[in-house]
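Next come two complexes, and both contain chain A; in the first it sits with chain B, in the second with chain C.
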Partner chain A sequence: MSTPMLLGARAILAAGVLACLAGPWLFDANSLTVLTEFFIVVTLALMWNLLAGYADIISVGQQGFVGVGAYAFFGFTALLHMSVWAAVPLAALTTLLIAVPVMAVIFRLRTAYLAVGTWVAADVLMLIAGKLPGFGGGSGTSLPIPVVKQFGARLGDRIDMFYALSLGLALIAFLATWALLRSRIGLGLTAMRDNEEAAGSSGVDLVRTRILCFLWTAPFLGLAGVMTALEKLRVAPTASFNITDWTIDIIFIVVIGGIGSLEGPILGAILFFLLRQWLADFGAWYLILLGVISIGVILFEPKGLWGACRRWGFPDILPAGHAPGPGAPERVAGPDAQEAPAARTVG
Partner chain B sequence: MADRNETVSAGGPPAEAVILALAGVSRRFGGLRVIEELSLTVRPGEILGVLGPNGAGKSTLFNLIAGVLPPNEGSIHIMGRDVTAMTVWRRRRLGVGRTYQVPKPFAHMSVFENVLVAATHGGGLSIPAGRREAQRALALTGLAALAAKPAGTLSLLNLKRLELAKAVAGKPRLLLLDEIAGGLTDAECEDLLAILTAIHREGATIVWVEHVIHALKRIASRLAVLHFGAIICEGAPDAVLADERVREVYLGA
Partner chain C sequence: MVETILNLIVQGVLIGGLYALFALGLSLSLGVMRFVNIAHGDMIVLFSFVLLSLTGVLGWSPFLVALILLPVAFGLGWLLQRFLLQRTVGKGILPILLVTFGLSIIIQNGLLEAYGPNTRKLSGGAIELAALRLGPIDVGVYPLLVFLLAVALIAGLDAFLYRTAIGARIRAVADDPAAADLIGLTSARIYPVAMGVVGITMLVAASCMSVWTNFDPSIGPSRLLAAFEAVVLGGLGSLWGTLIGGVIIGVAQNFGSQIDASWQILAQHLVFLVALVFRPQGLFARS
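For the complex of A and B:
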């Protein structure tokens, strides 16, 4: 019954992706800048959702890796004078390398302590960034003009380029995460999401899966950090490592949209940007409203908007699951599951 | 017997003849002593029935064997290996499948995916091989027609079947079954016994905790009675059920 709805949803999604791909020809500079930020936020939301929604790692220190990515990019380009195209992958690699010792420390902790641990780790990284020579200390510094110009000689070209890069990042982050969830590891991860103890009893290595997940997010967070540096054309401890922008807002987004799904973070990010555009004039009220909505969702619909859609029987637009496939009967037994015949093959 | 060598300590039966050996195992929850100095040996090919009043510690015993809980004292050997400190997932891969008395489905995954998790991770199979194994386990437990349903929508009866399908996926050598026959009609119980007989014939050793004694008696080769965390009687089914103390604590006669 929901097939037309599903096709409709997929059509809207495909149209949205096509419009984004054609963005530079369709939208003005202002819209492109907002969308650039939107793609960064989608990437961050996908990563926070992977950790919190699947691996049960509640991070409030995601901004730490965003900041590392931004600072690494600044270091490789402005200080070491490397090409920006070499600096981008190196920034991702640096974030991954920094994530290893961070993980070794915070994985000794669980639940709320782990959350606090991620926050402390991010703060330490921010303090170190503020002390690094050449990075402008506590007030930060601008990206040198020659670095910026490598992305395009004219402002309009650069806006297009930043847009393309952050769109590419969001698409890759999405496709890679989708592929991860479809894999054997992702199967275990999804089982962990639903019941951690039972996942372990079914043979899922909870420790290795968690480690992989945490390290998986690091390079994407670092790349998002590169994009924040390009968007602002500067790095600064308080901006590059901003907990509100890169973690708290992201938590709102994932919680409202639907934790533990691929659709939820995207839905939440769209909602977040729409609310922000509409309510920008209300200043603090906007944040208060966002908080109220989040609390409402946690109380009444813990799996968010997408969880509500699922409960109403809406199938996943972007399924990461495994259909029973050929060999299994296609028809599902009557509405009452209890009527299923027992042990047809035996006896 | 508390040594943690790779093999069962001398004095016990030789390693190959024992699939599961518990030696002096104790487990407390705070001040509550749930399992006390329990020793137990299970040989390959056995079907051991475990009886005991509510709260005797049967499910806790399974949690200790499967590795969900560590014991406070004692050691556990499986197939000659000391698994006392081994994680639950490594024990599952070694060949210990278990069902939960209160089903723990992956509620937002399909029935098929639930079993696929156990086949790929627990059975160590690739996804294509795991798919075939999952389909086998679903057919065996009579769940094939429900494969595409979200596990969270199943009835309790089918959730128990799903527990069994997850436990047998990947053909573990030791199966721990926790009260899977409760609430079945006579016909369903016959089906279940036929399934268990088939699984047993394929080479699985079974430890079955069950209150439905008439079902247990039909296939168990040995019974053990647990009372306040200790085995008070074990042996041939008829002898155990006729035992004075067993009738007293368990059958209330």
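For the complex of A and C:
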């Protein structure tokens, strides 16, 4: 585990973040739009990873809360004529408030059942969104021009503003999740990731930690939903609650990048965007390819690319754990227990 | 009015037979191998497309083709478990969910590439149009036969699991894989057999569905959700409960469809969620 390597990796990361912060001065409008989408995807990947990689909740219904955020934003601005700057936090709050009853019902299911339960819940939210009066029914509706113009009078200004908002969202989502993982609760989450039974018997309150994580992701997913509405300038049940864009792609990203780490989802998102540019002409084939790759990853390298990096001795660039102090017993493996047997959940 | 409601219930019960057929394989894989096969619906759709191609080439009835394909369906289930899913056994729930999830996406998009997005339907012959007059309502002969087939298949599976030696072995591994392993019943030998049986139920469900309703490459997930809800509603480990769960789903859908197409699905989900709140263990759970 070499310090120069770590310093180099952190320097690249810092340069990347600085380049993103200076984005509007560095990139053209096209690149800014792609990056705006990239930051939305990174946010979604971080949230899916927090649930699947740490809290043992595999969500196939993440698109439900993305759609709620988009629809709430539309409701507050286009229907209630509120300022967009009030509508954005209110959309996050609405998503959180809707997540509470959803959680109360589907948390009666566990493990594999819960995964399908999240899917049912998302389907229900989508079907209800299509029934709401004023939201354009099943085919959806466009954001009114006065609402859009609040983000900037000229198109160039709006592109810069959407870029800044989605970059801000991804940064806050990342820093907040990192802080969560480094907190006392995060210590419990890391223990759950490595061995759930052992974590439970060492005093980690599994149920409360799961509830916290599930509700933690809701406002971030809702805000990502606001960004999707701004990006497309419209809301529609099939687009705002799109399972392919907001969940299936995200699962592939996290699985291939590395589940149960902070670096994995980001690495996966970068790979996904590169791959997508190359494979854009191949239609359904690129999803088939992603499916094959991710099955291969799960069978042969379950912790994904970042897991492989860890095994080769590459240190975590963004350690979610805490380095052992002086006098701590020598560790053979990387900074987390790779050899710990996977949690066996029964029933 | 009473006739309309009675008619909705009877037709819903009969559709419930089809949902029970979707759900049987899922119930079995949940009960024995304790995982949800996310690709369950997509595999049923895959079998439907196989039937579409073979009936097109051979010109035979889809039911005859399905009968001939039964050993192939068993073999595919066996191979799938033996060479892919078995690799994830004992590693928790995440790997198996993600593998079957990847499989689901591969099947959906593979079918989309091979057959295009158009909806298809197979012709079952004159039987599709035949109807019986039962008092005030007409009952289709075909839906009635599908329902009876579902009942027969459940009775057959129940007898298979509780009256045969291989059924006893499957139940032993399902109850306690570690203890069964000690007496030489390894999951590597037993699970593929169970998945082969699941494959047979999928083919039966596929043949009944493809004659009854339209299908296209994208409908797998909605079939999975209906099957899943039927299993949870009925109670885990109870095949007869799965039939009742399917019937409840079918009736709920039929009442919802009186409003519009999205209420059809919404009613199905809402009945499931309400049941989940009040009876999370299902109606006929075996303790």
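Operating definition for what follows: the second predicted complex is superposed on the first by the 324 of 347 C-alpha atoms of A that agree within 3 Å, B and C clash if a C-alpha of one lies under 4 Å from a C-alpha of the other, contacts with A are read in each partner's own complex, and residues count from 1 in each chain.
Keep in mind that, in the parts below, a contact is a pair of C-beta atoms (placed from the backbone, for glycine too) under 8 Å apart; a residue touches a chain by one contact, two chains touch by 3 or more.
Not measured: the values here are computed from a predicted model.
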Legend entry - Touching partner for A:R310 - first (chain B), second (chain C), both, neither: first
Legend entry - chain B versus chain C as contact partner of A:R234, first or second or both or neither: neither
Legend entry - Partner chain in contact with A:I128 - chain B first, chain C second, else both or neither: second
Inset, instruction - Figure out whether A:S201 sits in contact with chain B (first) or chain C (second), or with both, or with neither. - result: first
Inset, instruction - Return first, second, both or neither, reflecting whether A:R193 touches chain B, chain C, both chains, or no partner chain. - result: first
Inset, instruction - Could you look at A:R210 and tell me whether it touches chain B, chain C, both or neither (first, second, both, neither)? - result: neither
Inset, instruction - Classify the contacts of A:R184 with the two partner chains as first (chain B alone), second (chain C alone), both, or neither. - result: first
Inset, instruction - Mind sorting out which residues of chain A both chain B and chain C touch, each in its own complex? - result: 342-347
Legend entry - Touching residues on chain A, where the partner in the complex is chain B: 183-184, 187-188, 190-191, 193-195, 197-207, 260, 310, 321-325, 327-329, 331-333, 336-338, 340-347
Legend entry - Contact set on chain A toward chain C in their complex: 52, 56, 58, 60, 105-106, 108-109, 111-113, 115-117, 119-121, 123-124, 127-128, 130-131, 138, 243, 248, 251, 255, 259, 283-285, 287-288, 290-292, 294-295, 298-299, 302, 342-347
Legend entry - Sites on chain C touched by chain A in the complex: 30, 34-36, 38, 84, 87-88, 90-99, 101-103, 105-106, 108-110, 112-113, 221, 224-225, 228-229, 232, 262, 265-266, 269-270, 272-273, 276-277, 280
Inset, instruction - In the complex, go through chain B and note every residue touching chain A. - result: 66, 68, 87-90, 92-93, 98, 100, 104-110, 112-114, 116-118, 120-124, 126-127, 130-132, 135, 138-149, 153-155, 157-158, 161, 166, 170, 188, 190-192, 194-195, 198
